[in-house]
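Shared chain: chain A. Partners: chain B in the first complex, chain C in the second.
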Partner chain A sequence: MSSLSRNHTLKIDPRTELLLLVMANVVAFTQHSVWVEITWVVLLLLLIIVCGCKKAAGKLAVAFGIFLFLQYYVFPNGPKMIASSFTIIVSYARKIFPCLIVGTLILQKTPVREFMVSLRKCHIPQGLIIPLSVTIRYFPALKEEVGYIRDAMKLRDIHGAEKIECLLVPIMISAATTAEELSAAAVTRGIENPAQKTSMIDMKFGVQDFVCLALGAVFCVISIAVG
Partner chain B sequence: MIDIKDVSFEYGKEQGTLSRIDLEIRQGECVLLCGESGCGKTTITKLINGLIPHFVEGGTLSGATFVNGMEVAKTEMYHLAEQVGSVFQNPKSQFFNIDSDSEVTFGLENAGAAPSEIRERFEATVSALSIQPLLGRNIFSMSGGEKQSLAFASVYAMNPSVFVLDEPTANLDAEAIDILRQQMIRIKKEGRTVIVAEHRIYFLMDLIDRAIFIQNGKIAQIFTREEFHKISENQRIRMGLRSLVYPTLKLPHADPPGAKVGLSVENLACTIDKQTVFGGINFSAVPGEVLGIIGHNGAGKTTLIRCLCGLLKESHGTVQLDGKAVNVKRRNKASFCVMQDVNHQLFSDSVWNECEVSKPDCPAERIEKILETFELLSFKDRHPMALSGGQKQRLAVATAILSSKYLLVFDEPTSGLDYRRMLEVSDMIKNLKSENRVILIVSHDFEFLNRTCDKIFGMEGCSAERRKSCVGNI
Partner chain C sequence: MSDVSMDKKLKGKDLITIGIFSAIYFVINFIFMLMGGIHPVLWMLMPGFIAVFAGIPFMLMVAKVQKPGAVFLMGLITALIYFATGQFTLVILVAMASTCILSEIVRGITKYNSFKGNSIAYVIYSLGMVGSPLPIWLFKKDFLAQIAEQGMPLDYVSAVEALSSNAMLIVLIVAPIIGGIIGAFIAKGLFQKHFVKAGIV
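And then the complex of A and B:
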């Protein structure tokens, strides 16, 4: 599979993305040098830009800039009150940026199926993957249900606290039937087959994955050593 | 080849049973299982696809079922799955992925087929069933018909020699039924065995080799195709079957807008996400008249209902009740919609409380009287979810009558109903006519519309065809 898809954006293996997420965490909570942090964030932003998340990258970059500005310009020069009450929040919020960036990439650019295939390749047991994928699939279904039920409540003039109860009962009922029907359909499609599951898409690490992971590893080492 | 040998089956206590079923189905045969709801036709499909005894718990089974030489009860579900493919009634609860491509390959991936083989079957399925328009899409953006088509394709991809279809058209419109028909013609030509349990029969008439009529869990009669075609109108009504011929609408058009009593809709248009769903809707409906609204999937029927019921603001035009223009908020107060899935609109813990929620200050006698008319009084302490489908529907209508709603809309009130239950719904709606309310029915069910409505309004020509694509004929 080519690393460049039709619209000329880079494609990263979901496993790389997961590892990057772990590395983002390691770097975020071990490093103490702001320059390491800034370089790390900039590199990750560049990565998600070449992967096609331009808009999200822009927003994240602006937000990160504001946090830096607050901490290095506003707090030292502004009133003490503000500095002492907000320093901790701001510096910790800034630390989660690398994770936010990688998270954005995963959510926006990774189809559920690729994610599942890569989990399978990492030898995560099938008993965990199936419930996970069905759960992910259930969220949009839930959204649909809630839409219908809200319409129904409006038509019956149900307001205030009653609403929550009125929402829960039909959702529980429909969840129960959906679960029953879904499992019936699943067993007739051989979900219980003990054979090693396969996939039409085959996933291989490309150069881009190794580069990402190598850079990530370098940053981990630096931040642990320097920090 | 399928061989059901002297099979009896009993669910727990309440549900129906099968007694002493003997049936042989040859390879390549297309067999219809028909009969009233609860007669046991779905149960027979479960004998073949193995849900009985592997999935259904707590039943007692005797006798044996063989599919291609395998005894179903002694074969693992995943072995059966390689030879028997099943499509079920509800398009919403048959898929496991969010994107359509993954869904087509789901069964093959489960069986551990080689990636090259999966790709091959994927391509073969796409071209055999002409489902190109369904590829690469989010399943949640698909219509019921498209979802059902996809379910069919994902079963076809597994290349089973037997197809078991359990009321596959219960939620489909005429167009989607025709696509299913084309797909069935295709698999029949390929020599696959088809077992279909259905209420809607007209589209199957020239497809089937035999029709098995089931009554109270027993095979009452077996018809060849020729014999089945010769059934008289009276006989099919006695048997409780839906129309055998393609029903055509024989109803006059809706009145033009401007009615001084009742509902008048003038030049109505709606947009969702800046896209026009429909425009130029014009009609009137006077109290005591039942107006049917038709239009295929995607024509915007649901949007029209939501707009008329005050759940969505119009982008253009006016809605009048009794000669006065009413805005969204007032429409919401004045109208009620009985939804296709009535489970979404029953909230209380008993039938009685359900009525009280609708009108808290209502005197008990009035609630009693209304429950009586809807034949629900003896169930007043039951949980609404423990009622039958028809009873739930009547309860929803009862709540609307209690809260004195002027405009009543029924959204597909007969989906998946057999002849007798369809008549019950039809009679209930006709009885409402004397109540001096405006009644609208949105439905694909022409047989039902002919019986129930006075006039008809077709949305064709008003809709801006939102759909990007539809599955082509094969």
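And then the complex of A and C:
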């Protein structure tokens, strides 16, 4: 796959994204300087803009601005009640902001299929990859299911605590049935075949991946050194 | 499920079952996680709330897949999704992985099919979610330093300190234990009322 796809956006290897996430974590836990933090956030925002998440980047940038504004202007001057209940959440959100940015990139630009191939390339055992992909793909089915059950509950006029039971029990029963059916289908298609799986997706590290990782590493070093 | 005891290795079917119940567990977990965003105290009680309601998918999965590794995979998947979407730090991966290993040991000792053993495994498993608000305590020094830097009044500093005090840490850890026990019994009740009749377990 070429580094520039049709719509001129940069494509980053899912493995790079995961490594960036780990680095973002390292930086979050070690850095204590606002300037290191802001540069790191700006760089990551630029990265996801280049990758094509312009809208999300805009939203995240605004959110980060609001956090800074809250922490430096509203909390010191506003009513104490607000400040003391929200400080922890705002500070925490600011701390993990770089992780959120990389997470957004993964969510928006990485198809599940590519993600799974990259996990396989990292030699993650099949025993984890299979349930993980089932989990991610079951979310939409679950949403649909809940919609139907809600409709049915409205018809029968069910209220209060009974609602939880009436929601959970059908979900569980249908999940158990789906598990049976899906396994039968998957076993027929050779999910238990021990041979090495092949894939249509060709995954390689490009220049952009090395640049990202190098920059990430530099930030890790800076934030550990500067403290 | 007569062939369960013969083969302890996870097969395709087991893996898919784990995947599906992990999805349900994750959704329940996520709903409470969103509520935790409202106020820090809710966030700290959140592992307890999750434990009350998420017992059903956990207990059902444990009943269906009576093999080592099922709980470990469920925990790992939950933590991985949270981690990969950038909502949580590495702390949750570490916390989840360690409680899941303990939980697996309990299941192994109790031979995978006793209600008591599975409940204890569930309580331990629920403790893993403590890894979500735990950074509050890990970042505490930073928080307080920053607040002091801004020249905040003393009662404000003490309010933040009270939220991240050792007493709250105990609340954080006790909540999922109590919640886990309640959750296990709710699951047991529903098992007898519905799932056994429906022939699912």
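In this text, the second predicted complex is superposed on the first by the 207 of 227 C-alpha atoms of A that agree within 3 Å, B and C clash if a C-alpha of one lies under 4 Å from a C-alpha of the other, contacts with A are read in each partner's own complex, and residues count from 1 in each chain.
Quick note on the criterion: a residue touches a chain if its C-beta (ideal position, glycine included) is under 8 Å from a C-beta of that chain, and two chains touch if they have at least 3 such contacts.
Keep in mind that this is a model prediction, so the values were computed, not measured.
Overlay on chain A: chain B and chain C fit together in the combined arrangement. Remark: in the superposition on chain A the angle formed at chain A by the CA centres of chain B and chain C amounts to 80 degrees, rounded in steps of 10.
Of the two partner chains placed by superposition, only chain B is touched by A:S199; chain C is not.
In the superposition on chain A, contact is made by A:L100 with chain C only, not with chain B.
In the overlay built on the shared chain, the residue A:T188 is in contact with chain B alone; chain C does not reach it.
Of the two partner chains, neither chain B nor chain C is touched by A:V207. Of the two partner chains placed by the overlay, chain B and chain C both lie in contact with A:I173. By the touch criterion stated above, A:E165 is placed in contact with chain B and with chain C alike. With both structures placed on the common chain, the touch criterion links A:L128 to chain C but leaves chain B unconnected. Once the two complexes are laid over each other on the shared chain, residue contacts for A:A225 go to neither chain B nor chain C. The gap separating chain B from chain C at its narrowest, counted between C-alpha atoms of the superposed chains, is 5 angstrom. According to the touch criterion, the shared surface of chain A, contacted by chain B in one complex and chain C in the other, consists of residues 133-134, 136, 165, 169, 173, 178, 182-183, 186-187, 191-192. Chain B makes touch with chain A in their complex at residues 49-51, 54-55, 76-78, 80-82, 84-86, 88, 90, 92-99, 101-102, 105-115, 118-119, 122, 140, 151, 154-155, 158, 306, 309-311, 332-333, 335-337, 339, 341, 343-347, 357-358, 385, 399, 403. Residues 18, 21-22, 24-25, 28-29, 32, 71-72, 75-76, 80, 83-85, 87-89, 91-92, 95-96, 98-104, 106-107, 127-128, 130-136, 138-139, 142, 164-165, 168-169, 171-173, 175-176, 178-180, 182-183, 186-187, 191-192 of chain A are the ones touching chain C in the complex.
By the touch criterion given at the top, residues 10-13, 15-24, 26-27, 37, 39-40, 43, 53, 56-57, 60, 64, 69, 73, 76-77, 80-81, 83-90, 135-136, 138-139, 142-143, 145-147, 150-153, 155-156, 159-160, 163-164, 190, 194-195, 198, 200 of chain C touch chain A in their complex.
On chain A, the positions that touch chain B within their shared complex are 111-113, 133-134, 136-137, 140-141, 144-145, 148-149, 151-158, 162, 165-166, 169-170, 173-174, 177-178, 181-202.
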